[in-house]
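Structure in structure tokens, see below.
Chain IDs A, B, C and D follow the sequence of writing; residue 1 opens each chain.
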Amino acid sequence: MKRIRRILIANRGEIAVRIIRTCRELGIATVAVYSDADRGALHVRLADEAYPIGPAPARESYLAGERIVAVGTRTGCDAVHPGYGFLSENADFAALVADAGLAFVGPPTAVQRALGEKTSARRLAKAAGVAIAEGSDALADEPAARAAAERIGYPVLLKPAGGGGGKGMRIVRGPDELALAWRGATGEAGSAFGVAALFVERYLEHARHVEMQIFADTHGNIVWLGERDCSIQRRQQKLVEETPGPAVSDELRARLGASAVAIARAAGYVNAGTAEFLVDQDGRAVFLEMNTRLQVEHPITELATGLDLVALQLRVAQGEALPFTQDAVERRGAAIELRITAEDPSAGFLPSAGRVSLFREPAGPGVRVDHALFAGSPVPTEYDPLLAKLVCWGPTREVALARARRAVRETIVAGVPTSLPFHARTLVEPDFASGRYDTGYVASHWPPPAPLELDDDAAVAAGIVAVLTRASRAPAHGERNGQSRWDTAAREDALR
Amino acid sequence: MRYEVTLGGRRLRVERDPSGALTVDDRVRAVDATQIARDLWTVTLDGRSVEVAVLTRDPLRLWVSGDEVAAEVANERELALGGATRGTGAARQEIRAPMPGLLKALHVREGDRVERGASLATLEAMKMENELRAPDGGTVSRIAVAAGAKVEGGALLLVLTP
Amino acid sequence: MKRIRRILIANRGEIAVRIIRTCRELGIATVAVYSDADRGALHVRLADEAYPIGPAPARESYLAGERIVAVGTRTGCDAVHPGYGFLSENADFAALVADAGLAFVGPPTAVQRALGEKTSARRLAKAAGVAIAEGSDALADEPAARAAAERIGYPVLLKPAGGGGGKGMRIVRGPDELALAWRGATGEAGSAFGVAALFVERYLEHARHVEMQIFADTHGNIVWLGERDCSIQRRQQKLVEETPGPAVSDELRARLGASAVAIARAAGYVNAGTAEFLVDQDGRAVFLEMNTRLQVEHPITELATGLDLVALQLRVAQGEALPFTQDAVERRGAAIELRITAEDPSAGFLPSAGRVSLFREPAGPGVRVDHALFAGSPVPTEYDPLLAKLVCWGPTREVALARARRAVRETIVAGVPTSLPFHARTLVEPDFASGRYDTGYVASHWPPPAPLELDDDAAVAAGIVAVLTRASRAPAHGERNGQSRWDTAAREDALR
Amino acid sequence: MRYEVTLGGRRLRVERDPSGALTVDDRVRAVDATQIARDLWTVTLDGRSVEVAVLTRDPLRLWVSGDEVAAEVANERELALGGATRGTGAARQEIRAPMPGLLKALHVREGDRVERGASLATLEAMKMENELRAPDGGTVSRIAVAAGAKVEGGALLLVLTP
């Protein structure tokens, strides 16, 4: 393959910014695309060039594969990086890119098809000798689902066979819940992935979600880079990820690594991939699915290994061999990622939209923030609610957590409710702090039993700002003592 | 002017006399509040500095000591009226759409009695189905929008009364 | 010694913020102090408590040792961290702290005195078997300086015997320059350190400034953590530092490490220290001085070793033994620090003052920014012009530099002229990029011979913003196309 | 309205007709300028997006493509007058104190001829002695402040004429 000199980034938000950064370091020119909602977005401004592709709805912009490829062709790009989400696991898009003569930064189309459909991925893993969760093939209708659920035994998980990212999944605890779940999941799967097919899988109540990062080149080399425990989820959406997994022994890590490599080898895999497993309390692991793209939580693996996974993706995409062998992969310390999303943890993680009025980034030793935020940045309703990823490294898990606690305390995102209060409380919650958690953690620990305790001075300060904020007058920068605010507030209150 | 501020489960009486002197819970405090940026303040209390950010205005949520706290403010008049407008607990609750979306389903009818936390409606937005729950127990006194309707962010959906 | 539970931070700016961060991670409560110029400063807001200590001039606030110690005593602190600059190398202050019963985070007073006076430090090093630059003892008057300079041979460096940080130094190239230099240096040394004593030292034209970080505990353990090349300086003020030093072999590194440890051992050193050396083109090293405090550029050592030097300082200050031995110190990859100062490189690095109107932080893989900036933060004239430190790590020097280039490109500091344009140009300058530089680099390479080349679109975009900025109307957030700006500009121009 | 913009060593003619159409160096450009924050703009040129920040206003310095460039703008009237007010090169140069400080020494006298880069005065500020240098060659036509004086930021120190 030829050297990549100019690349189109078919994504938005923090991941587009993340990819631009590595491309700039490698001397690769970047072409961004943007919807009407993203005209002033950070990825647009940081790219070397940026072109509009359509209105805000994703279907008319970031999911409009032909338009995106047309920009790539017109601007002389030689490759396309899909990021995660959107078209990243869409084999038809990858084929479109390849047909236009551009390199797709990801696995070959055939591999995407084989692993993207989950029942096919399960068959492939089983043939490679990897244990899979008991489950069905794709199901024709609700009665078929009912039969499969009876065979496996409740609770089961009803899952879309296409797509990923936890969207459209339903836990079904008994026969009476099946009909509602079937309707809901079919609808969501159809609208999110355009493929409504579902299957069922045994649901493990007290399991951990542990995934293994692998990398394969076009020369037959495959390595694994370490696991990530992603059990802190709500609605199958990850909120926190960490490496090493608190419950992963060296033996289990090696086993997961070998399983992931076996699946990749069987599939003829190329580029970055992540094998997801469920691990039960006894350390038994079953394969769930393969994500054939860069993962949201890839930075914790970067901090632990010192590698740049996007740079590796680009090297592999231009035909280079992996520059190291399995033996040379060193993992150092511990890393944790907190997803700062536009969701309100005090209202069942309801997504929020609006405009970020203030963003104070944490910084200092061991802290990395991947984001596309700025004061004034809109939070559109059309896209994923992920705003920023706060990633902390430390020589031990204790230090990484201590850094995460102080970094969360430094961070301010105002304008929309965010997941930050969840992180502030979870980081000090004893079960989480000691690493005792599974995928049921959020359901059993959130909301926390006791409200936040403010010390006296903090309460008084907050009370004063509450009163000053009540005044509707536009705020004056640098104003001291809020003198005019008090007067405005008093005047307004007198008029009510 | 006298205010009562509710912060999470805590109440403060804040009073400011015409001279500018500030009393909190009957104690005079030396206060110096400086606005750093649009939604960011630093408040010095008897020499100690505390940072406070305004996260959202309606409802009012503040950031202090690295965490979030909900705040409600009532002035003298509202206090005299029993705190009806910026209710301190047992007030009428308007359930509004937190963001634009499609109201997929209504799970209650007018007159229904609901417990705190009960699911009232399903709003589809950001490609996800979101359950809107009752912030407090009450009776559904009004339903303002029919299921299947597209709604704007902030649109009134239904009203609960105690 | 007893455990530190509450600490007073006798400093401001980025280093106060840096220290607060580690204290918070360790569960140590922080008490900040601030001058009237720093009421809204970030270190004030991030600390657990903050108290005013006086007016803006440092002599009445950050140098007012008794006031600072009084705050520490009153608020129940058990230790004082001095940061760098200000009182950090003032033995009288350290004595004051000790007399008040607080732990001073730094070496004992006696060690500070022995090493703080530079001619005494030179004698100590020589006695420990470490080569020193040819030079004099403290000089009584100008004729004495002239005699010493004649003996050593021009050029010589006229240096204050007290103080540090390169302030008050003068290069004297011949007898006719001595009188002016003597007067200037005496004045600056007197006003900066309160001690006017000077001495002369041979000036090496083509040498590198290489320093070695050491750490000593109260149990007799001393380790070295690696070198930093700080040759990119103007007026003896560092602008860029990197590790490993591009010209430092493993053999030289071990030699500098052993020399630094020998001096520390001879001095009875405790806590963090930095031995500064000049290294000539043949790899010969001479000891210059010992900095008995945390160094501005300590983060590059942190990124390379994975250690938190402030945490180590605090452990040592409470009597703990160093938690590792020399053999366990691992250095990984390369790190570079760029000092973003309020100085105008297009006007001979003239200091600037004003208010920062916009600060966009770089982020992403391998980037750490230590700063105390925010949109609206004042840049007072009273203090050091350092605004922020951009620190980049990579597995190799090439990657670290590539990250530094892209991070500088992402960074915006508006409102005051800064050193950023110097960094943008220097990072791509061939001699710097290939590591061929010495302390004469800035003088010989800045300003660059060719002006910046803008591509056509960049020039047009800048031209349009230049015209829009001409309009005096206050800017409207989110305004599209600057429509009303054009109209305002036209109206104002028509009226002129 | 017609403007001439000098950017580093480069000149651009920017023209905007009453309809809003924009011509740069006689070429019509499709321009979309959006203000992101107080000193930050994003300019889209024929679909390509370029970010520009205003670093300082007087003198005008812009940030573009990750580096700094000095800019000068002259309007029609100024151009007709030979660009005297926002001078394009050979104009009168006022040397002002860039910040408050103590004027330690003056190294020139009225009438002295100086080269570009010559040291004119020493200003002590921020505990450092700073040399003020001639931005261009010229003759010292006026000295406004005596050595030893405390000066405010922006104070006129001396004037150079070509």
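Going forward, a residue touches a chain if its C-beta (ideal position, glycine included) is under 8 Å from a C-beta of that chain, and two chains touch if they have at least 3 such contacts.
From a predicted model like this one, the values you see are computed outputs, not experimental measurements.
Enquirer: When contacts are scored as defined above, which chain pair ends up with more C-beta pairs, A-B or A-D?
Expert: Comparing A-B with A-D, the pair joined by more C-beta contacts is A-B.
Enquirer: Using mean C-alpha positions as chain centres, tell me how far chain A is from chain C in Å, no decimals.
Expert: Inter-chain centre distance comes to 38 Å.
Enquirer: Quick one: chain A and chain B, Cα centre-to-centre, how many Å?
Expert: Chain A and chain B have C-alpha centres separated by 30 Å.
Enquirer: Please compute the C-alpha centroid of chain B, do the same for chain D, then give the distance between them in whole Å.
Expert: Roughly 50 Å, centre to centre.
Enquirer: Based only on mean CA positions, could you tell me how far chain A sits from chain D in angstrom?
Expert: Here chain A and chain D have centroids separated by 47 Å.
Enquirer: Any chance you could list the residues of chain D touching two or more other chains?
Expert: In chain D, 34, 37, 48, 51 touch at least two other chains.
Enquirer: Two or more other chains touching the same residue: where does that happen in chain A?
Expert: In chain A, the residues touching two or more other chains are 40, 46, 360, 374-376, 409-410, 477-478.
Enquirer: What pattern do the touching chains form: line, ring, star, complete or other?
Expert: other
Enquirer: Under the stated touch criterion, can you name all the chain pairs that qualify?
Expert: A-B, A-C, A-D, B-C, C-D
Enquirer: How about chain C: which of its residues touch chain A in the complex?
Expert: Listed in rising order, the residues are 17-18, 21-22, 24-27, 40, 46, 299, 302, 306-308, 332-333, 360-361, 363-371, 374-376, 395, 399, 402-403, 405-406, 409-410, 477-478.
Enquirer: Enumerate the contact residues on chain A facing chain B in the complex.
Expert: Listed in rising order, the residues of chain A that touch chain B are 167, 184, 188, 191-192, 235, 344, 346-348, 350-354, 357-358, 360, 375, 381-385, 408-410, 412-417, 420-421, 424-425, 451-452, 454-455, 457-470, 475-483, 486, 489-490, 493, 496.
Enquirer: Spell out the residues on chain D that touch chain A in their complex, using ranges where they run on.
Expert: These residues of chain D touch chain A: 34, 36-37, 42, 44, 47-49, 51.
Enquirer: Once bound in the complex, which stretches of chain D touch chain C?
Expert: Listed in rising order, the residues of chain D that touch chain C are 1, 3, 5, 7-10, 12, 14, 16, 20, 22, 24, 29, 31-35, 37-41, 43, 45, 48, 50-57, 60-73, 75-78, 98-101, 125-133, 135, 153.
Enquirer: Please output the residues of chain A touching chain D within their complex, sorted ascending.
Expert: 32, 39-40, 44-47, 49-52, 374-376
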